[in-house]
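One chain, subunit A, appears in both complexes that follow, with subunit B as partner in the first and subunit C in the second.
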Partner chain A sequence: MKRAAILAVALALVALVAMPGFSQTAAQKANLAASLKVDTSVLKSADNQLLLAPSTDNRKVPTRPADPSALPETDPLHWYDMEWAGWNVTPTNLPKSPADGAIGKKIIFIVHGSHPWTTACTSGAKKVADAYKMSFKVLDPNWVKDVQDQMIDQAINEKPDMILLIPLDAKGAVQQARKINQAGIPLHMFNTLPDAAALNYSLGWTGPDDFGQFRLLAKAWADQMRKQNPGAKTLGVAYVQHAPGGSPYFARSFGPISELATYAPEVKTLEKASPTPATFDANTTMQLVSDWLTKYGKDLKGICASDDSAQSLGIFQALEKAGRTDVVVVAAGNSKQGMDLVKEGKLFGITYQTAEGDGALAVKYAADWFNGKAMPLRQNLAQHIITKADVDKFYPPQW
Partner chain B sequence: MADDRSLGSSSVGRLVSAAGVYGIAALFLAVGALLQATGIIRGFLTIQNMLNIVDAAALVGIVAVGMAFVTYSGHFADMSVPTTMGFTGYVCIELLRYGFIPAVIVALAIGLLIGLMNGFVVGKLKANPIIWTLAVNYVTMGVIRLIWVNKQIYPDMRGSGQKAVELFDNIYRLRFFNLIGLPVVMLLVLVVAGQFVMTKTSFGVKLKLTGSSLRAAKFSGISVERVITTAFVLTALTATIAGLAVTSLSRVGAWYNGAGYDFKAVTAIVIGGMTLAGGRGSILGVLGGSLIIGLLNNVLTLLGVGTFSQDMIRGAIFIVVVGINAKSLRSLGRDDA
Partner chain C sequence: MRKLGKNSLLAFGDKYRIYILFALVFAFMSLFAPRFFNVFNITSILKVISMNACVAIGFTVVMICGQLDLSIGTVITFAGVLALGLKPALGYAGSIAVAVVAGGLVGVLNGLLVAKAKINSFIVTLGTMTVLQGAIYQFSGGNSISVSTPDAFVISDFLGKSLLPLLTPRILISLVLVLAMEAYLRRTRSGRNFYLVGGNRNTAWLAGIPTDKYTVAAFVLSGVGAAIGGVLSVLESTAATLKLGENSLMYVISATIIGGTAMSGGKGGVLRSVVAIFTLEMLYTGVILFGLGNEVKIFIAGLILAYVVLYEAYATYKHENDLGRRPELMKELEARRMAKEKA
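After this line comes the complex of A and B, so read on.
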């Protein structure tokens, strides 16, 4: 009886010690309390938007089909492994949150390469890191995967509290994530979706929901084409695609195609192509679209571009030369050129792609994890379509 | 058009040489017309479509005309063209606040300085032209990122006057009779001037001799360093002009504005009948090469050929032409193409 009582007390003590926060020092508890009081909801990005706008996407994650690739490309579930990547992972050897507060933590932020977008993204991340008085270090491999590998080694050697990573290569990210995981350092991936296996080693993934954004954009686009062409039995459209290989290449053309297959079946895809050799060269896009206008004439009623800057300017140059003002054009945004085109009434709509919010959300995810909050496997940025009605709210541009 | 020795001894080579690059262009036009007549494609033989082709070829043509001087001098190509285009575009936008003309003049001056540096290092210090200009391309990209902290800049957000911004916007968008764009006019002016310089001036003669045989040129008392430097300066000049036009079209200063124009220009030069070994070819041929690329893209798109397949076809044509060139040169005892 006595032995049983001792055993029960011992078990209770073990359970107590195992409880989060029990073994924390007073300083850690104070740090956690102070961290939980940090209010990042008031932070704003350079375009005067909330830096951490809550996601408005309420869609439920569908069940994965046995073989998505067996479905036709016009079926949204064909794209399941891209659109819903990150939701069906098998967490492997993931560290537990210390739940001792985000303030003062050291994070290393490894991006993909130098670009104005990256500068804005880093700026947004730093705003949140500064709010939590984190030590924030940025490593930039300048688009070279081997250099990113070296930077991951360097980051591991520095023993940070967390590594935040934009993977440069979807497949290569698996090895990178495993290496960080084996070093016992928490990892969070963001912006670019890696191969699903890499996400097994990541606390989570945050970033834009390109497919979701483009499904939203596609509906607004189809509605406008219907409005401009009442009673039309067929609405011919074309897609100027992103650089091949990455998720935007698929999301920004097959997202709308699979969405409109049911929402607006009268919309028919006439062409889809990525301008080559320079995907984001206005002159190359202009030639491509000019040729489409020659080929399809008035049958071409809409164009969806994967970029609202150079590609869109090339598209409108071609349309102006052809004297066409009836083609409804939408694009992924939101660069200054794109917003100017929306303001001029040329581009009908662009997606809100907050670069600062992207970086900020990643650091906020890290902070919430340090604060011991239960974190989802995936968090998307808020979705929004910018049109002429609200474009003024998004000036000045983030980059 | 093209130098009659340029595509020497093979039967294909002889045919191409006899007809010139414009013979190939005429062949493409005939194929397009035939496809239209048989109903396979539509809208090919229209003024608008022809103008579209010329418009699309204009910027590549402008770069190619300048780069042809480097190729003609026997120094292959200038790989610093992309960032020269991007950098001078940035400079022009940054200086628009001081007026359109000063901004353009300074941008041109900086472009010429890059050309002068390339010419000096390749001509005087005998650096490998490809390696050196590639290095300059990377260094210039670094300079751009350092100065503008990785940010893009916009003409109307640098405190520039409305008039200067409008003038800058019109570098690409100004159209004569609502048909002919300013880049097309610039291309034609550069072609006439380039052809004149290459064929009717003492510099052109010296350039030809330098490109044909550097040693012979030296023994003839030609200052080959000066000739090579001038060739690189001319390349930088046209790269800057094209850079300003691309930046005007994109309405943004961005380091990637000139991306891809180096290879496109080399393709136009080679298809235009100029040999990479130097000393043979013509500016009129380069113009034809640029137009052929535009025509080819146009016909393939109208046929519904995907852009990736178009890349393969362009690459294959490049390889075939270089192959014919190399064979021709070997038969002449020069296998350095």
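After this line comes the complex of A and C, so read on.
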């Protein structure tokens, strides 16, 4: 009798200890089931486009050359480690998905700096985070890498379920990613491409295929220049570059340069420079382009800008001052100013680079990972070039 | 016991204002800012300030000498870029040595132009800053420089690893440098001479102090301090961005003045500047922890800068006002006049 009583008490104790585990698992299962039911495919961005449009890119990943840097900068494979970063990584110590559902997860969203684009990106991210009832915190280092490093420390200190990061500097991202990985916190990087080594420590990367978009844009740009200058043996062009250091700096100038080396060899790069001291300032850009127009005159047939707002406004101020309407200008988009310039027929084309979709795709990636889905190392946003023919479809602009 | 009067209290408050401010900010943040008071966060703040602490060492000495060094931000970047950029060719020992020496040479150039050519330090260091910016872009090709080799990660991990609570090697190095410089300035004759040079250059010269040498030495300390700060920063982050030192200039100037170093020279201290940097960083961290936006941080930085400018204007006014109110001097002059009249 005594033994039976002891056995009963022991069994009751075991059951008590085990019960929370069982109930937690049940709660997790319920959370997962509820999370999987969340439908984000119906969400729309401010420009009435689908927030999470699937990528249309079907290019195959080429084989990595033994030493890409040994190839000339005009060879697309020279940029292999940037353009195809993420495809050939060896993930290091990556955490496994808890597969317990995205609902209620705490994510910290570290952006690069204050800008209307960032506001739109954050808004898109929040739409998806809200759909999953996630706790969503944004940290903004205002374009200073040291501050971003500090914010990463702060984020680690808060022990979130995941950190989502726009790396401010491609090369500096390696140690940032490594630090988060060592803290055991899942990391997802998005928007700007980090150095390939950084992706060893990240679950994945999502964002615009800047190189791909600019290769697409370059072809349309070259076709238009050929159309406007029939029979021209040389088409001189210049690139207004992004801030040095980040992936757009390379993708938005060397992307077209390496693409046109084979697609349109008559296109010759006359100049490429980042406006200094202010990269995204209309006056600084106007001064830079005015100098080019003075130096090259009619030989300058096209300009490719890294930004369709301030930089593009500066370019057109310079062109108007010089009385030039023959220069074919393209840019990275798609801000209100950029779309207005396309509508006016000034800008020939801009890339459709959905800011809201960029943030949204990053959070969706996180949600899918929490839901236990097998995630690709890299997911690109849909590619498209906006021209006067279809610009109306993208109004009202996201930023 | 002597009773403290209102004036004594004001004088005490003025003398130790940075320590009082530090204590108030620390107490406020510890009580109200979420997740502020823990080892990880304080260590993180100390790590962040360690670069600017090294920079403040030399910069404070330059200001004590009554000069200004606008080139510190670019020296940080220059040294960082050299330390990582030359690593493949020279190894870490060689590249770090070159980076620190380069910082010192920039200081020599600044110092000689100020002391010997008698050019205003504002103009000289503005020029050096611009030239260095060009050199950095030339050397780096406009790109950040990074090292992702295993030895780079070993050094990075070592510098960032806590040896004792709150103390990583990088923080420790900065702390030792700060305390050593503070002791040198306070406890040695040559250290105190910097104050004399800044307080009154002519009197110092008449007292036999080689003022030009001290001016050059101050700029060399500033260059070397900025270079060490830059090198330590890039060694831990394994990457040197071209904007590395961009924010340091205004940050260190504000902190040095808040710390009590007079722009007119002759007054101040390295430790005070570093405590001011710590205080500012606590404020900025608090903004993040309270979940406030970047605009609030910019607003606070603006307020601090406005305070610094107003305080400096007030201090200059007070100093000039006090010059005409020296009762002991007036008494001495009166006594001399009386003696002369008697004679």
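Definition applied: the second predicted complex is superposed on the first by the 368 of 399 C-alpha atoms of A that agree within 3 Å, B and C clash if a C-alpha of one lies under 4 Å from a C-alpha of the other, contacts with A are read in each partner's own complex, and residues count from 1 in each chain.
One rule holds in what follows: contacts are C-beta pairs under 8 Å (C-beta built on N, C-alpha and C of every residue); 3 or more make two chains touch, one makes a residue touch a chain.
Computed from a predicted structure; not experimentally measured.
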Simultaneous placement of subunit C and subunit B on subunit A, clash or fit: clash
Partner chain(s) touched by A:Gln287 [first = subunit B, second = subunit C, both, neither]: first
Partner chain in contact with A:Ala310 - subunit B first, subunit C second, else both or neither: first
First, second, both or neither for A:Leu235, with subunit B first and subunit C second: neither
First (subunit B), second (subunit C), both or neither touched by A:Thr119: first
Touching partner for A:Asp149 - first (subunit B), second (subunit C), both, neither: second
First (subunit B), second (subunit C), both or neither touched by A:Pro244: both
Touched partner set for A:Glu158, first subunit B, second subunit C, both or neither: second
Which of subunit B and subunit C A:Ala322 touches, first, second, both or neither: first
First (subunit B), second (subunit C), both or neither touched by A:Ala331: neither
Contact residues common to both interfaces of subunit A (with subunit B and with subunit C): 114, 244, 274
Parts of subunit A lying in touch with subunit B, wherever the complex brings them together: 114-116, 118-119, 244, 271, 273-278, 280-284, 286-288, 290-292, 294-295, 297, 309-310, 313-314, 317-318, 321-322, 335-337, 340, 396, 399
List of subunit A residues in touch with subunit C within their complex: 114, 137, 139-147, 149-151, 153-154, 156-158, 168-172, 174-176, 178-179, 195, 197, 244-245, 249, 274
Subunit A-facing residues of subunit B, complex: 41-44, 46, 48-49, 51-52, 55-56, 59, 145, 149-152, 154, 157, 172-173, 246, 249-252, 254, 256, 259-260, 263-264, 294, 297-298, 301-302, 304, 306-308, 310-311
Subunit C to subunit A touching residues, read off their complex: 35, 38, 40-41, 44, 47-48, 51, 137, 142-146, 148, 153, 156, 160, 233, 236-239, 241-244, 246-247, 285, 288-289, 291, 293-295, 297-298
